[in-house]
Every structure is written in C-alpha cells, then in structure tokens.
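Got a structure here, written out as structure tokens. Questions coming.
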Amino acid sequence: MSVLLTGFAPFAGETVNPSWDAIERLSTGTIAGHAVETLRLPCVFQLAAERLEEAIAATTPSVVISVGQAGGRSRIGIERVAINIDDCRHADESGAQPVDAPVVANGPDAYFATVPVKSILARLMKAGIPAEVSNTAGTFVCNHVFYLARHLAETRLPDMKVGFLHVPFSPLQAVAREAPSMSVTMMRDAVALATEVALTSNGDILLAAGSSH
Amino acid sequence: MSVLLTGFAPFAGETVNPSWDAIERLSTGTIAGHAVETLRLPCVFQLAAERLEEAIAATTPSVVISVGQAGGRSRIGIERVAINIDDCRHADESGAQPVDAPVVANGPDAYFATVPVKSILARLMKAGIPAEVSNTAGTFVCNHVFYLARHLAETRLPDMKVGFLHVPFSPLQAVAREAPSMSVTMMRDAVALATEVALTSNGDILLAAGSSH
Amino acid sequence: MSVLLTGFAPFAGETVNPSWDAIERLSTGTIAGHAVETLRLPCVFQLAAERLEEAIAATTPSVVISVGQAGGRSRIGIERVAINIDDCRHADESGAQPVDAPVVANGPDAYFATVPVKSILARLMKAGIPAEVSNTAGTFVCNHVFYLARHLAETRLPDMKVGFLHVPFSPLQAVAREAPSMSVTMMRDAVALATEVALTSNGDILLAAGSSH
Amino acid sequence: MSVLLTGFAPFAGETVNPSWDAIERLSTGTIAGHAVETLRLPCVFQLAAERLEEAIAATTPSVVISVGQAGGRSRIGIERVAINIDDCRHADESGAQPVDAPVVANGPDAYFATVPVKSILARLMKAGIPAEVSNTAGTFVCNHVFYLARHLAETRLPDMKVGFLHVPFSPLQAVAREAPSMSVTMMRDAVALATEVALTSNGDILLAAGSSH
C-alpha cells in the first residue's frame, strides 16, 4: 500500500520550487501505514505527464497528490477541479506553449478532485496552517497533471484518489519580490496532513468554503 | 432572432449591482440584428434559475450572456468554465446557503462556455477595455446560472451559445472601500461588444490567455 | 489670480501618463475664478524641479497641485506628506538614479501638504470618486517635486498652498497588465474638484481617514 | 548597555499580536553585548506612550526598536519615517480615536529613523527573510510610539537610535482570513538581526530600496 506525492522542478528562471522542497522532506517515511513514493516532475507538459503515468503504473498508489507552486497566493490551495484545457502565456521548460488544446482529446470538460477537499481544509486549519479551497488550478502544467491523473483514475484506476495542492512562494523566493510566502516546513506539514486525511477519510464533510466569484 | 442579457439585483447589503446597471443601458436596442432582451435576476439560487429558464423558454435566444458582480477584480472577466457545485460562505438573498450541492443532479462536473472567449477578449482589448479570461466563476449564484444555462443548451437547446462575464465594482461602490472599480459605461460597452462577437463569430481564435495557477 | 496644475510625461516605457492626460483636459479654463496654468513635467529629477520652479516664479499661483501616476493603486491618492529623500530602484528618464539623497540639503525630514486633504477627500467621495488619503508619495520624482514645491512655499511663498494627487493607471494601460484603473474623465473631475476645494476652503475639516499601518 | 525592544498587545479583536510573540522570544538574552529589555505595549495611544517613556527613562537604551503588526503586508517592513499625526478610523483599545491630532504639539512634521534601514534590509535579505523599506508606518499607535521615541532622542537622548519594524500576520491569524503571513520564528530572527545591525553599524549603506509611489 502506497501513496504517490509529486512536486515540480524549478521553472521560469527560479532556482528552487517549494513544491518539491516540501515533498522531498517526506520522501523517507510512511503516512497512515502507506509507503510514501515521491516524484519530481519537470515543468514540461509532455514529460511530466509521461513520468506521472509511469510512476502510477509502477506503484498503483491508493492516493496521488501532486503539488505545485502558485506564486502570489498566500495560502495552501486545495484544488477542487481540473479542467481539460492547456493554455499558456509562457512556454514550458521544453519550449512548448499549447493554447486551448485539450489535456485529453475528447475528455470531459473537467473533473472534481476525489480527495476530500473539505476534510483536508478542516485539518489544515486545525493545525494552524492557512489554507483555502481553490476553484481553479490554472491552465498550465499543474492543471495538466492534475487532470491527467484524475482521468486515469476515472477510466482505469477507480480506487485511486486524486488531489492537487498549490503552495505559495517560499520565503527565499519572496526576498526578491513583493509576494506572500510560507515556510517550507509548514508546506511539508500541510502535504503530510492532507495525505493522511485522504488516506483515512470516507467521503467528505460539509464545510462552507466557496467563493462568491 | 434575439439575444438574452441578464444582470443581478444588489446583494450583500449593496444598494446597486453594476452588472444590472450595465445591462439596463442596453435594454432598448439591437445588436448585430438581434433584439436585445434583458432580465434582472435576484441573487437567489432557486428564483434566479427559474426566471432564467422562463426567459430562455420565452425568447429562445441565439446567445445568452449573464453578467455578475465580482467585487475585488479589476477587469472584465470572461468566464471559461461553469462547475457543478453550489458552495456558499454567505447565504443568498432568500437565506439559502447550499454547501457542496450540485447545480444539476448527475450533471457533468463542468461545462466550458460556448461563446468564443478569446475572440471576445481580443475585441475588448482592441477597444481599450481591461479584460481577462477567468477560469473560475466562483461557486455562488453567478456560477449557478451559468452552469444551468449551459446545461440547458447541452441537453435541449444546442443552437444557443452561453457565456458569462464578471464585472468589477462600479466607482460608486469603491468610494466606500479599497477596491478596484470600472465605469458602468465601460462595462456596458464590454457587454455590447462581447455580445456582438458572440453573435457574429464562427468558432474561436487562438490567443494565449491562460493562468499559470 | 491663478492655480498651477502639473502632470508628468510618460515614463518607464509607457506611452501615456494619465496624470498629464487628466491635466491637459483642464488647460483652457478657470476654477473658482482662478486662471488654470498647466505644465507637463518630464519624469526627470533635476529637470522637473527646474521647470516647476520656473513656472511657480512666472505665475505665482495661489495653489499648486501636482499629479502623478501611481500604477497599482485603485483610487485617487490625496498625499498628506512629502519626505526629504530621493531613493530609486529604477533610473529616471535621464538615467539619474539617486539613492538616499535629500531633495533639499538640510531641509526638514518632511512637510505636510497645505491643501486641505480631508476636505478634498470629502468632496471627491461626495462626487462618487474613489479616493483616499495617502501617507506616502513614494521616493521618486513625484515626491521630489511635491517636497520641492512645499519647501518653496515654506521658505519663500507662504501664501501658496501645495498639494499632490496620485492617480491609478488609465484603462488603456490596464489592458496590458492586471492592475486597477480609472477613467481619465474621472481623474480630470477629481483634479478639478480638489483644486476648487483648495482655492475656496479655509482650514480643513476633521474626518477620520488614517491608516493603521 | 542595553537595547529596548517593544511589541504590542492584541487589538481589534485579535487574540494574539505577532509583534509581541516575536519580542517575547528574545526576552532573556543579549544581542551584541547589550542586555535585551522587552516591553509589551497596550494598543492605546496615551498608555503606550507613557510606558515607553518610562522604560526608556529606566533603561537608557542604546537602541530602541518597536515592532507592530501590519496585517495585510507580506514582508518585514523597516520603517523609514514617523509622522506627526494621529488619525484613526477605529478607536484604540481604550476607546480613544484622535483625528488629525499631532503626536507632539509643535513637533516637526516627521522624523527619519536613526537605525540604519538599508543595512538592516541587506542583512535580512542575506538571511533569506522577506523585507522591505517602508515609507509609512501609518497614523495609528505604531506611528505614534515611533514618532514619540524619535522625538525623545532628538530633544533629550541624542545617543539613542530609534527604529520601527512592521510584521505581517502570523500563520495562526491568517487561518481565518485571506492575508499573507510569516512564521513567528522568522519574525524573531528578523528583529534580532535588525537589532544587531543597529547596535554594530556606523552610518548606513547605500542600497536602492525606494518606492515609485
């Protein structure tokens, strides 16, 4: 029994990516009795998708949670929905820049996360970690791998739960710009707690956490 | 041949709703040869849905574009996707506060807009109107009516295009708080141009306008 | 009897500066019986200072109000205080980049505006124009000319009132970036009203409009 | 030889004030050979001023650095200037709400900090702590005590250096709202480093860190 946690390599000129810095600190352990498998994805549409599929095939995890950097946000974003669109204003690290291309041809417009987003939110808040349910994971590589993993679960791996977390810049990144940040230690704790909740919950709780727009 | 444009009544203690202020100024005209039908929806889940359905049934419009207030945003938001969730932190004007209820039971997780969002974006930018493609219309009444209209088109009215625009606060609203605003005249122009584009375009253009997260 | 209103030329790669666009629309009129003199200042420390001093010497205005662009702000900023520091992260349009140099050697650390900032605030709010009292005009050319004009009044022209207004980006500028904007018409109205209040008020009113930090 | 560090008690309904949480962690030590004296000030204009004056009289510190909460900011704010105005939109914790009253009757309009703000900025950045020079400490109790301490130094204690730091919300506070936060550990480190720099520097360095507005 295993859980797969992925982070991303640095992109857009950054020298670090806090999503991976957080995941790396969880790489030698178990959570709720599940072996933690970690994977560092390149910020490249095609390659990230391939590596994620390979890792899922190799480990058949109970839960896969991918984590990505959301520079400018101030809280852990628990993503509710992945949409079937790639649309980039900047190329990925391989130079690819899809515009309004589907993640999966003929796939549905969107998939909701199957990890319990509200239970995760409640757990993070209880632990004193600023968090929110987010209704968009963007249209870049983060959303791409989220949609893809969710599509795999829908079509071939019905027992695999899929979730995505966005993290703010780390303090080191915020030294150079005016932007919110969060300590990598807190991000690591957030991922560990979210994973534990996903592994141990049945269904989700009702907790108002929507957005008016 | 007609087009249906809807705005909302004031909510959450506001005395105006710029979405309606803008729509009202378009109520006696035609756009691209189509009679403009306008409708002021209450900020109430059930009632808004009923009135929108009635108006669509009565007018069988070629295009329906709903407009809502997105206080805090600085630009016209051309919504790309409606999701099948109602989730409110504050009750609607009737006191209803659904949490994680579907807009349509057993409906798909989401629908993409069928108006050409990129063509609309290009047209607004050409006219000097700040605008952006948005990947979330929230989880309140705005998203509710957007999803519902799109579901009607999908299931019963395949020739009806559906879109949604979010507008910032008007200057009058921003007098009392620190928030971006936009003149109602500019909002009206944005809605008129978006409608014209929706009525006259075949398909959409490719224009990078995604979000990294 | 005259009033001197100044705006700035474009800087930092912009093709327009809304401060001048607003002032230009006031250039052929009178306000409260005073001839309006307008002046377009370059975004250059030394040259802006020289031209402002020359214009003040030539017109001996009752009131001088300078206006500058504050990209990113959402409201008219009625500046309360000018400080005796030039400190730039980017060079001015002549390539000069002073760091922690005084505007006026041996001048006091700061001067408060002598136009009635709270009366102006009340008047703009009454007119439906989003406005706020700001406690920093920055440390670039805007603050430089504000401090300089105020120093001239303090040391040589005790009857001349001095004020400074910051304006948001215009909509045209906000098309290309995510930032709040305001119509140039509204900016023009704000400057005209502020000028009228400055010319016709005795003292200021008490109106809470501070900042907690 | 001592240094006086002050934080504030909670205000405006908060149950914690991170400025005090950070200071409290420094209360049993020395920095650069100076005994650290700490003081928790109430968020009350008159009482905070009295207690600060008493503590300064009792300890005659080489450096006094006050720290306050700046909810909404994302970085450590190294304040450059204190202004001679109290102006509150909300009453202090005793119910007092001064509007446009001077901190010190007939005092100068403002005082610059005498701690080396740029050296402190460089030190914090080197330590990986997000920080910025701020040109306004607001017009509430924070600015009040900053101005007062600086006035005491100017008029009676010329050897005492005076500075002020603003800190973001702590993560605990940000759980309940959408706002940036910083760990209290990092705040404590920032205050300790700033204090060390203030105690050991002669003059300041030149480092561009101004604001365009």
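We just call them A, B, C and D in the order they show up, numbering each chain from 1.
The definition used in the following text is that a contact is a pair of C-beta atoms (placed from the backbone, for glycine too) under 8 Å apart; a residue touches a chain by one contact, two chains touch by 3 or more.
This one's a predicted model, so the numbers in the text were calculated from it and none came from an experiment.
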Intersection of the contact lists for subunit C and subunit D: none
Set of chains whose contacts include both subunit D and subunit A: none
Far-end chain from subunit A, centres as C-alpha averages: C
Distance between chain centroids, defined by C-alpha means - subunit B, subunit C (Å): 38
Centre-of-Cα separation between subunit C and subunit A, whole angstrom: 46
Whole-Å separation of chain centres (CA-atom averages), subunit A against subunit B: 29
Where subunit A touches two or more other chains, by residue: none
Interfacial residue positions of subunit C with respect to subunit B in the complex: 74-75, 125, 128-132, 171-172, 174-175, 178-183, 186
Subunit C residues within the subunit D interface of the complex: 68-73, 77, 80-81, 83, 85-90, 97, 99-100, 108-112, 118, 133, 135-140, 142, 166, 204, 206-213
